[in-house]
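Structures given as structure tokens follow.
In what follows, chain A forms one complex with chain B and a second complex with chain C.
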Partner chain A sequence: MSTNPLIKIEDLHTFFYSKAKQAFIRAVDGISMEVPRGKTLGIVGESGSGKSITMMSVLGLISAGPGVIRGKVIYDNGRIKKNLLQGLDDFVDLQEHDGTIMQVDKDLYGWQQHSEQLMKNIRGNEISIIFQNPKAAFNPFTVIGEQIAEMVLLHTRINDPVAAKAKALYWLERVKMDAPEVRYYNYPGALSGGMAQRAMVAMALASEPALLIADEPTTGLDATIQAKVLQLLAEIKADLGITIMIISHDIGVISSLSDYVAVMYGGTVLEYGSAKDVLSTAYEKKHPYAKALLASIPGLENIEKNGARLKAIKGEVLDTIRVVEGCKFASRCDCMTDSVKHKCNTQQPPLEDIGGGHKIRCWLYQ
Partner chain B sequence: MADNILEVSDLKKHFVVRKGIFPGMSEKQNIPAVDGISFSIKKGETLGLVGESGCGKTTTGKAIMGLNDITSGAITFNGNQIANLTAKEFKPYRKDIQMIFQDLDAALNPKMQIGDLIKEAVVVHDPGLSKEEIQQKVLKLLDLVNLKKSQISNYPTELSGGEKRRVGLARTLAMEPKFIVADEPTSALDVSIQAQVVNLLLDLQQKLDLTFLFISHDLPLVELVSHNVGVMYLGKIVEMGPSAKVAKQPRHPYTAILWSSIVGGDTSRGLKEDARSTADWQVYDHSSTSRGCKFAPRCPVFAAKAEPSECSSVMPVLSDAGDGHLVACHFPLNN
Partner chain C sequence: MKVSAIKPITFVLVKEIGMTVLLLFGVSIIAFLIILASPGDPFAQLYGGLSGSEAERKALYESLGIPTTWYGQYFSWLGNVLQGDLGNSIRSGRPVLAEVVSAGINTLYLTLGALIVTLAVAAPIAIYTAIRDNTRLTISFNLFAYMISAIPVFWLGYLGIYLSTHLFGFFPLGLGSSDSGNIAKFLLPIFILGMGSGLISEVVRHMREQVSRVMNEEYIRTARAKGAAVWKHAFKEGFLIPVTEIMAIKMPFIIGGAIIIEQVFNWPGMGRMAWQAAQDRDFPVILGITLAAAILVRLSSLLHKIVFVSVNPRASHL
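Our next item is the complex of A and B:
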């Protein structure tokens, strides 16, 4: 078995165009990250940081223009190795001025046709997704069991409907659904939030993927149910050795599952490293944003006495329409020293390895 | 007590839903959304209400606001009975009791500018003001909630979540309320923005001597902002007391489970890891006809003690152990 990462994203750019503002929305603005095989990568960030768009770009699910315009997504499971964005550049004509993209001309139809070709046998077979709202992801007019069996028929070698049903029941049991034989015939509307999410996990696993992407898998669930769903994902990860990419705004959720964590802000990765380093307040070397984010959670260590205040980050979450010359976090940063101030405001820092694979995009650590 | 601004005693709100589509043939089902809760809030303090979805937190807030008629019980505000009043009768209290809503986008008219939205509230509060006075008051309110003067001509869609929350707050404060029901005021916000808004609420409480009923599902947040915390489960308060006590030494098994469910948090509060496994249940099941403790089917203590008969036949009463820490459980935890 090779030690290559299962999926490697290099310099991914996904833009949208806002007619009202006459400007590009730089949803994903140069992202590089990798997910080692059998490990879990957590992507954490506030709303608008580009977490979900990164996931959708990887899966070729962006339909609005200009969409994905540049970058590489290398998928390598040992048998298949390919760039999921191979050759898509040919359909995009970039007009740049001083390194800033001024105009994008894109053959959307051709791009999509080509993208579908590339994604064939990858999306579904190799990569599965768990969406945030499980009830919206299921077809409301078909019982959940049949929907899971359909996944088995489509994406595995099983062609026999009876065997597919047996397999669907196996997955329902696997995700600890109570009375799988009864639940098989339930419509999505009859399930509670937690059960629907379990069924969603069963459906995602039914295609026996190598990579499972979970986009905000527990948002909207009660705390006790959330803990159960996370426990289930952790068990599945241990049992099946599956690679997971988990996306959430909730640092608690990320910390409970991840081996590696990427902290995103304004369409870029500001910090990447092992979960225990990135999410620990004790670890010294940290991006100012990650540091402030950890401090702003009303977590246990932040509460000392009544009347205490939270440590807030000043300002608002970055507007992705604005083209920022320097560091994306500069306008909200508290840690800027006089010696780097000029650089922070004029030049975007590179994502630099500060040792042991821990990468930080900040001039303070250059 | 004289310094209690709000007293709620044995508040009940039962909703009646009909099953079936034909009016004559349908079966009525009684949903006890709030089922006999009592609490009081002192002036200038905050009571936090926590619980999972469907436990009756919001219904309680709405009953206090006079948005819902109540089935039985009493709500006393500054010594006056305010439950089940008509809109006209409630009017004198409307200014004093205000609410911050959960859904920012639904609460602000998208076709009005920020200045006009706040002006509207100012004019309603005091129709006799001159134009200059109104303008001054609007600017004062903007300053109070840390919004910029330049944002006065923006529309709600041009603002971020945190700014919209501030506009809502400015409208609320225009009424010069004494009591504010804050229903999940930060649930739609990012954590860094949530921290700003929470700090603002705490500052305003000090500055204006406000009293809050803070409704949220986020336990650590409630612990931070509240003087007292009430934990609700299926329409009942199962534990209530000073926030530090409820947080640090939970006595009801449900509170302990809630604490242990916080991911990335401290799991050492009263219950062990394996106790979580019993908590996988549909939360809002009002259909149970059991006369005993409503939490018994999910309760790890109930299971560990081999299902004692008290739990399944006698409803535990909220009782004080002597230190202002109330718990409704036959076998409270000793932490």
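Our next item is the complex of A and C:
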């Protein structure tokens, strides 16, 4: 078995065009990251940092233009190795000026057709997704059991509807759905949020994928249900040895599952490393944004440090329409020293390895 | 029996049929009053034409056993209708029910056929323009839909007759004519009504709206993420419901168009019959046709309700 990462994203750019502002929204602005086989990568960042768009870009699920305009997504499970964005740049005509993209002409339909072709046998089959808001993510016109069975029929060797139903029931049981026989015939509208998310997990696993992407899997659920869903994901990870990409704005969710963590801000990765290093306050070498994120979590440790007041990050999330000359976090950064200040405001720092695979995009560590 | 044990479909059926009965009652009263208010009397010839006096009229009515007050006439008619007797045509003397049913079936062929033509043209345009926005083809498709809908149906009908007689050498006649076996002649009126009823642009707009809305639903994204066929998931909400919806709403419109087309092509349907009956002041026939048209409209709405309830679990379950 090769030791290549299961999925490797290189220099991914996903833009949208805002008609109102006559400018590009730089939703994903040059992201590179990788997910090692059998491990879990957590992607954390504030809302609007481009986490979900990254995931949707990887799977070619963005339907609005311009969408994905550049980058590579290399999927390698040992048997199949391919770039999921291979040849798509033929449909995109970029006009650049001084390294920034000024204009994008894209044949959206041609792009989508080609993407569908590339994604054949990948989407659903190799990569499954759990969406946030599971009740809306299920087809409201079909019972959930049939939607799970559809996944079995599409992507496993089972061709017989009766066997597919049995398999769907097996997965419902596997995700600890109570009374799976009854739930099989429930429409999504009849399920609670927690049950629907369990069913969603069952559907995602029903194709026995190599990679599971969980996009904000616990957002919108009660705290107790959240804990149960996370516990379920942890069990699945342990039992099936599946590779997981989990996306959340909640550091608690990320820390409970992740082996590696990427911290995103303004469409870029500011820090990437093992969960233990990135998320522990004890580890000193940290991007100022990651540091600020950790300090903003309510919890005993932070109360002892900061008193009863929570420490919020000053300012607002970066307006991704603006082209930032320097570091994207510069306007909100507390750690800027005089020696790097000029650089921070004029030049974007590279994502540099500071040792042991821990990468930080900050001039303080260059 | 608990209320929840009644199937929603039964509930819909009972409610719709009840509504229909009330509606037919209302329609019959209004139609009756309109006929009464319009000038002319079918028996005028029997008592000295329009110059005949009120006393002569009353005497004649009494000798024929016809109630002299309007409500008397209405209720005697209604009483017969409830027993399944719509009376006899004053013009032909044949029972109205049989005449209306046979004409109604012909109209049904025409309207349903036209509906299929409309959908066959409009649905692909709607779906194509919903999925692909602003290509040269979508613009020309839209232009076509609007232009064809702006053409008056009678003009299109005469154009069709002109072309078929001059180019193909036959005069298109409707059903019931001696050579109705000739499929081309039979289909021309259906085709003309389907294209010209003005519905194409409306169906295109409604369906395009619905299809593009459904394509942006989260569950369609899930279907794509599953690698499943998107159309399978979008079919019910994006196609079935909008189609029956527009059909139910536009049924009166199509029947209106059918009246004109039946005139133009001499199609022996309800429209032509109504036209004839109005000119002859053939009251029983006018009333019978009015009721039949109302029933057709209600049937299409009932069909829509049944489809909606049976495909939509939010209406039929929970």
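What we mean here is this: the second predicted complex is superposed on the first by the 362 of 366 C-alpha atoms of A that agree within 3 Å, B and C clash if a C-alpha of one lies under 4 Å from a C-alpha of the other, contacts with A are read in each partner's own complex, and residues count from 1 in each chain.
As a working rule, a residue touches a chain if its C-beta (ideal position, glycine included) is under 8 Å from a C-beta of that chain, and two chains touch if they have at least 3 such contacts.
This is a predicted model, so every value here is computed, not measured.
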item	value
Partners on chain A (chain B, chain C) - clash or fit	fit
First (chain B), second (chain C), both or neither touched by A:Ala292	first
Partner chain in contact with A:Asn139 - chain B first, chain C second, else both or neither	second
First, second, both or neither for A:Val182, with chain B first and chain C second	neither
Contacts of A:Asn125 with chain B and chain C, given as first, second, both or neither	second
Greater residue coverage of chain A in the superposed arrangement, chain B or chain C	B
Partner chain in contact with A:Asp250 - chain B first, chain C second, else both or neither	first
Which of chain B and chain C A:Ala166 touches, first, second, both or neither	neither
Where the C-alpha centre of chain A sits as vertex, the angle toward chain B and chain C in the overlay (nearest 10 degrees)	80
Chain B versus chain C as contact partner of A:Ala227, first or second or both or neither	first
Contacts of A:Gly194 with chain B and chain C, given as first, second, both or neither	first
CA minimum distance (chain B, chain C), superposed complexes, angstrom	7
Interface residues of chain A shared between complexes with chain B and chain C	none
Chain A partner contacts - residues on chain C that touch it in the complex	132, 135, 215-219, 221-228, 233, 236-237, 311-314, 317-318
Contact footprint of chain A on chain B as seen in their complex	52-53, 160-163, 190-196, 198-199, 202, 206, 217-221, 223-224, 227, 243-244, 247, 257-258, 260-266, 276, 279-280, 282-283
Interface residues, chain A side, partner chain C - complex	59, 61, 63, 109, 119-125, 128-129, 131, 133, 136-143, 150-151, 154-155, 187, 189-190, 203, 207
Partner chain B, residues of chain A touching it in the complex	46-47, 192, 194, 222-228, 230-231, 249-256, 279, 292-293, 296-300, 302-303, 306-314, 316-317
